[in-house]
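One chain, chain A, appears in both complexes that follow, with chain B as partner in the first and chain C in the second.
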Partner chain A sequence: MPDSTKRLVIASVWAVVLLGLPLWWKTTAVYRAQLPFSQIDSWAERKACQLSFPSTFVIHLASIADGEPQAHNRPLDFAVIQETITSHVNNRLASTNARECVEFPLHVNIQNWPITSDMKNLLHHIEPSNSKQVIAIADIEEVSSAVITAILKGERERVRSLACDSELTERSNLDGARTMKFSPTYQMTFSLMNGNPDSLQVDWDIEAAVNTYLKPFISEVSLVSNFTVDSQIQHYADLAVTPQFMERQKLPSYYYLTPQTLPHFINSAEWNLASAISSYPTINFILYIPAADKTPLRIHDDKGQPLRSNAFLIPRWGGIAIKNPPKAASGKLEFSKEDLKPFMEIFVAQLRGLIGIHDLKKTMSSLESSYEISLAPTPQTAVTVIEMDAVVKQRIAENVVNSIATLKSLAQLVMDIPNMVVLDHIRTEVQLSLDSLNQACQALQQEDYLKALQHSIHAIERSEKAFFDPTMVSMLYFPDEHKYAIYMPLFVPVSVPLIMAVIKQLKEYKKEKREQKVKAE
Partner chain B sequence: MPWKKLPSCILLLLALAYPVQSKLSSQKDSFQEDLLISPLKDGKLLAHFQFTTLVDAGGLDEKDGRYAHYGLFPKSIGQIIDHHRVQELHLTFTQGRWQYEDWGYPVAQSAGTGVELWAWMKLDDSIESNWRSLTNTLSGLFCASLNFIDGTLTSQPELSFRPEGAKNSYNHDERMREGAEVRYGILPHENVCTENLTPWIKLLPCKSKAGIATLLNAHKLYDTNYHSMAIHIRPVCQDANCTSQSLELVQTVTSVLDPVRESGRRDWSFSSLFGREIQSACPVSDRSAVTVLLPSEQHEYQLTPSYDTIIERTAAQVERPIAVYNLSQHTEPLNLQMTWNEGEFSYPLQTSKPRVYAHKYMTGYGHERGGVTVNIFNNMNESQDISYFDSVPWFLKLYLHTLEVSVLGKDHIDQNDIVQDLYYQPAVDRSRPQVLEMKLRLPPDSVTAVSIEFDKVFLKYTEHRPDANRGFDVGPAVITTLLPAGDDNLASTVLELVTNRDTPTRQNIKVYTEILLASLPTPDFSMPYNVITLTCTVIALFFGSIFNLLIRGFSVTEDEVDEKKHENKDEISNSS
Partner chain C sequence: MMTRKAILIPPLAFILRIVLFNIPTIADTLATRVEVVTPITSFKRLTEGLYLYENSVPPYDNGIFHQAPFLLVLFSALTSLSPLAIPIVYAGVDTFIGYALVVITQMKQKNYANAPKLEVEKEMAPIDPWTVAALYLFNPLTILSCVSKSTLIFTNLSVVLSVALALKGDAIYSMFWVAIASYLSFYPAMLMPALVLIISKWTPSNNSTLVKQARASTFYFVAWLALFLISSRILVGSWDYLYSTYGTILCLTDLTPNVGMFWYFFIEMFDQFRNFFLVVFQLHAFIFVAPLCIKIREHPVFVIIVLSGMMSILKSYPSVGDAALFLGLLPVHDELFKYARYGFLVTNLYLYSAALAPIFWHLWIYAGSGNANFFYAITLVYNLGQVLLLIDLVYAVLRRSYDIANPHTIGKEVVHK
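Then we have the complex of A and B:
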């Protein structure tokens, strides 16, 4: 056989093998939909859209007192005042951080406050003594900017730390650690825990108490999240920790729990607190009645002093209040709606903390020394408009950041595990999530917070749906090792003669070349 | 302020501040605990725990279709039945087989080995998803594999498993069925153990800390011949006209203990049976009582301490006296003790058989086809109507034409005289089982045999269990019949008697047959890899030799050529 035929045979077999290999690779590969990695990356680097949280303040100036249009020294130039206040506030709140990833545009809008008869009372309330007081422009500017600064300061810091800082610093932030992770719905469970029903039986009118003290608050915050409310009574609720005994001379002795033991207060093995029907996060509120041999039970603070409220909050879990039954009580202890009021107040306050509402009164109290500021009293909803506003901003920032983080880890996971099946609907969810992010960001720029909140909720829901999709953790994936193991009995014996033939041919070819050279010489 | 669309909170407040009547959560609930102890004829001892929680169904917060505030009724159960729109629910975990011939009928009706779940659910578009979700939720709650009750195991009985609730209602059956459907599923292979009992105990108001439930000691409870644990939820009427209904949760534990095994004597006490004593009644219970069904001959035994009340020879045909201990009146721990005036217990040679019972067994041989036969015994002197239910998995393909109902020894009785009604649902492969239901009229003093043949399906490679060669468990056949009170269903009437409930003159009785083990043809599970390896080797060998042939040069050595040249010139081969 001539060498050329032989070489042709070898070359053609090799050609089939080389053409076949990619075909084999392709037919045994898993399906992976292409995810928009670059878009996710640009979001992760905060380049896709500039997050901005604009706020508008409307200041109503009662400039014209009855019949005295020229009470002020000079006519009010609203535009100038607006500018001055804006720059004052911006200066005071200027971030020390060089790299700013969120914008906080501020608009101040001053409006004339025409005095009508029904406002007389209010004015009278503000200035009971003398209604003809002249206020200097500088004072208006100073007071307004101080108030606005106080309102915005905490809010901005929180939004900024949520949006810009890495997760690590967020965790160290006490505030963020207390607030529940965002969910469109929370289940709220009130539990009446009775330490020992042998000596004392308990009952409560929780339904009426919830309707009266809690429903207004819930309907107000339902803009952000919905709540379902249920309650239960548990008997023989043993403590998981043993309280310490404090013996006092003259004064009655008592049992107490130290702050160190409080994290172990919940006996989750025996108290039926889990819900079986939904996966929404549960916020638990427990009214604990200690057993007679552990009464009275108090909680000590860090300094060893008993707390007045006798209640504490477990971050991201719920709140607990301890009620010591009166000494004389035996038989039955029933809590009427009125009896429950102090506890519901505690629970509402704890709930505010758990869903991320920050007390405006506290921030304003620092100002009260220099100015006389009276805040409009909180309606029974237990949350003011400004506080609600701050919560909405925080939740938007949190949702946007969390959905970006979820998408980013999804992208990383898909890139790290090359054998993972990625189906088309995952890509759709990711795309929808990115779209919602975009819309949320645009709504933010247009100062439409409600819309932004809705879109941010969609974004986080979709990104989590994609991340936790059951097909992403499929058991039936084909690792490469598996592939090699199965095809090894074919590939090894086939490749040996192929390779040997090539080597032999190469040797012969070289030999020929050498011979030709010798001949030529 | 950016907050423009705020609702006026004040108005909302006024709307919500309507006067609310004071309603305490647990006022409308009631809780009763009972323990029934009855010596059985073969020396064993039946201990039946029953915990009943009643909650006013009308008084619950049904504003948005959900109950919200729970007192004694467990919240987890309430939420589950509420969320899945369940009207009645019966869940039983059983281990061991109830010996109908020795023990009579059980107090708790459900006695099929394994885990049995049946529920009447509101009929709407989501009933299938509700059922699936219900099995999954209960599976999580009781740490059992209930989630394996999927479409292939779920059936819809037409004649058996009628609703048990709202009994006093004059047309309760129609009312319950209106807009409701039943779903039934059983896992015969499921093991029952402590991990199922612990969540079950947590549903009790006093858990196992006080009351009768303190006796529920898992170490002793599972060291028995038979044990069964159940929850039954059903609506019941509060009055005769059924104008208002309550939701009733009955939790039962039935255990058949064997005192003879250890000492040879029938003597027992709480501490020997359960290793514990009853310290006190559960403080939130309305009734807390231990009931002992005594033997008819008084001189045979001693019972200490003495009972509080005794009920003797009552109207409900109970021929044995009943001793009742009211726990709320006992200040000291109760350690009930019964001593028999006899030496070694001698097993009775003959036991009185119950009126209706059944046995089920496989017929045929081999892996290809087989059959199943159920023998139904009627020991009464009159004919008896029963409903027969059997759900057979799809992998045993029944042939309806092979169905044969005959009376053993009485060949002259025509099949059509026995079978009053027949309902058959054919299987769909991998999605639903066969259901065979019949209304039978059993002739007096007879053994009726129901037999049917089937083919065994060759399952797919992945459809086998990890222990493939063990075979597949097939659930029991269930026979439902109405029987008047008698000696064999004594125990179940006693509880109704002592709780002062209306004792029905006739009682619905369910008889469960044995579960079966069907061995299906099992493939060689390493075969795919063997095939791959073998094929690859053959191909490689073939390729190697062909390739070698293709590239090898064949040449004839010179001296051979010289010799052969003369013989045949054509045979000079050079290459191929």
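Then we have the complex of A and C:
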């Protein structure tokens, strides 16, 4: 009787243990969704789709101006001119690198353009400097290829370096270092910092100023990224650096900051600039009013001369302008919309740099050309169509390359850690990202840059969503040997008595059997 | 049968509770103490769910309220009565638990009257049932748990009533109360087999073979439970409450610290193994039911006591209220006390943890000079005390049975080979 009780007890405990076994199997199974590794690899090796950034130029050629005497009656052979221009440009922009990972197909399309009188004012955009009435064919070719080269040079170089070079060279590039990392939305914060509100109260009409001076620009670049704008006024904004004093004979003396001290200008300990409103990258613009005992405050350049703009840019962070309050001002200083105009001009110029718009004029002037090229100004938006085009191309290249790199790292991570759980939604995101890459690439080949940009944004967003998923952290996973350390502390002490009890019962059972046999005999 | 002194016990206990309820600093402090209230018994959370319920918002949508729908109905009725209703109900229920313990003790003593006894026990009178009640009613843990308005008190009431009714042989209502207890806090379901043992052992009836009784009782239990679950579904309008109540108990979605072993372990556990260890821990709580029911089937009330002790250690959200029930039931088997070896140690462990738990909690949460390990270490000490007490009790019951069967071994060391 006591024996059967003992056996029942042991059996009941073992029953629960055995019931636990399938649950063990079920709860520790590592679920791994199959990721499209081969597709990711082919993208990483740039085999999946040839990136190409085609450009088409339409040259409107006024063959016969009305009323003008015709010097040459020979009709212009457009096809020949097109070919010549294309080869000229390609020669000038040919990459020194033998292995080209991006294609830049160029289409030049010449159209006959009868000039009517109302178009005459447009003509001066590209105007030969020697002001001949009749343009020779050679001139047409020369002028056009010079213009096209000037337009394409900077943007091609940047796209090529983004797409082909490793990250290292990109970092060394000064332009790249200045531009913010791409994000579909940025948060823009305008801060009015008052050094000492005891002597001077400040206020500004920033909303009107933003609406008037910044809105047109923002709506133009919203094609690439959106912006949320907010503003704040901070009082008692002390400087973290002590400006130096410059005493001058006859002229009023002033305080100044040297370029070496500018990186420490932001008092990040005390100025509360980090925003908790959103998780978007923040671009800060600060209008700084120095305290009365530090006025006037100026910024010196490398050569020790005060800067006229009294403003500077911090790469990948934002821009700062310093406004010295007028001597007479006391009590309250209010910035109206008009007062803010010069500062908004500075901020817009800084913003252009921060979001990666490159001045075309600079590239143009660097080119040796016997022609003077002037660009039509942009009165409202502060960004030309050509500049916008360059930004779009650059961002597409950046997004495509970055999402490929992210996917590649993800694949690497998953392959390195065989215990890592890969959930279905990770696979979905990866697949969607690859699809978007594919669509972006196809859109590029069709020269549909807007579509390509949208798809490239989707690609980078999805790849980052997959990569930064909370379940995809390598720290959560560990090699198989560590599992012993997880199971042993609990299960070894528990299993020893369980197993010993079973062995003991088996022995007794055998003994009983033997005794029964002996008895029977 | 009540002695003159005993007559004072229930009113005193009742008045003591009412007085404590009317000292706001005590009642309000207790209502937030992690040792006393848990996420699944907190009155504060119940108030939140009640507010939503009375404003026709699904009460389980807030992710704070994890208690059974019946409590919503009960408290919805109580709050509409008068502000005094709730303290009176709590104090009354606790006093009534004390009375139920008296009934349990009387029934047990009647049933054991003709059971084999040790020589020494023959001259000794068994414990006065009202002493058992007093030990429950004036146990500080019981008072703390009651004044904190922890809804665990209703589970404890149901458990005690189910035991009392089982001793009276009323299978249907015993199963009713154990089903209520299981419905309210899940774990008391493990008491069901032991109750079946009680009913079949001491109730002379025509179908009293164990198998028949077990079949009938299981049917009653399942039927009652199904009835409660379905009527709850009708009350709150969706099955979501199942996940919010039992899901929280089983999956430990709320990691608020308590006196148990779960919270710290699952804060530290690797995500990958969380599910596995949840299964292990929950099975662990239930693994003792069958062996105890088989091995100690001659003393089913004792099995209930041991299992309630197991619950107060191994459930996912234990509080001192669980220990109060365990310690309250303990004196029912007073004849075991003389076999207890660790009485001094266990008492000290209880006192030690009672003194240090609030201090370490303060150091961790308010002073910031301690960390979670401090508080967890104290809960380990507390549970060590309870485990030692359980081991001691099981030893006592086995040794006593052995001594009755083999009187010549009394006082000698028995070596188990």
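Simple rule for what comes next: the second predicted complex is superposed on the first by the 422 of 521 C-alpha atoms of A that agree within 3 Å, B and C clash if a C-alpha of one lies under 4 Å from a C-alpha of the other, contacts with A are read in each partner's own complex, and residues count from 1 in each chain.
Throughout what follows, contacts are C-beta pairs under 8 Å (C-beta built on N, C-alpha and C of every residue); 3 or more make two chains touch, one makes a residue touch a chain.
If you're wondering where the values come from, they're calculated on a predicted model, not measured in any experiment.
In the superposition on chain A, A:K465 contacts neither chain B nor chain C. Chain A has more of its residues touched by B than by the other of chain B and chain C. Touch criterion not met for A:K341: it reaches neither chain B nor chain C.
Looking at the shared chain after the overlay, A:K294 reaches neither chain B nor chain C. Applying the stated contact rule after C-alpha superposition, one finds that A:T28 touches chain C and leaves chain B untouched. After overlaying the two complexes on the shared chain, residue contacts for A:L490 are found with chain B and with chain C alike. Using the contact criterion defined above for the overlaid structures, shared-chain residue A:A15 touches chain C, although it does not reach chain B. Residue overlap on chain A between its contacts with chain B in one complex and with chain C in the other: 9, 13, 486, 490. Those residues of chain B that touch chain A in the complex are listed here as 1-3, 5-6, 9-10, 12-13, 16-17, 20-27, 61, 66-72, 74-76, 79-80, 83, 137, 140-141, 202-203, 205-207, 209-210, 280, 283-284, 529, 532-533, 536-537, 539-541, 543-544, 547-548, 550-551, 553-554, 574-576. Every residue of chain A that touches chain B in the complex is listed here, in rising order: 1, 6, 9-10, 13, 54-58, 189, 192, 197-198, 201, 203-208, 211-212, 215-216, 219-220, 228-233, 235-236, 270, 272, 274-278, 334, 336-337, 379-381, 385-386, 388-389, 447, 449-450, 486-487, 489-490, 492-494, 496-498, 501. The residues of chain A lying in touch with chain C in their complex are 5, 8-9, 12-13, 15-16, 19-20, 23-24, 27-28, 30, 419, 421, 471, 476-478, 486, 490. Within the complex, the chain C residues that touch chain A are 270-273, 275-276, 278-280, 283, 286-287, 290-291, 294-295.
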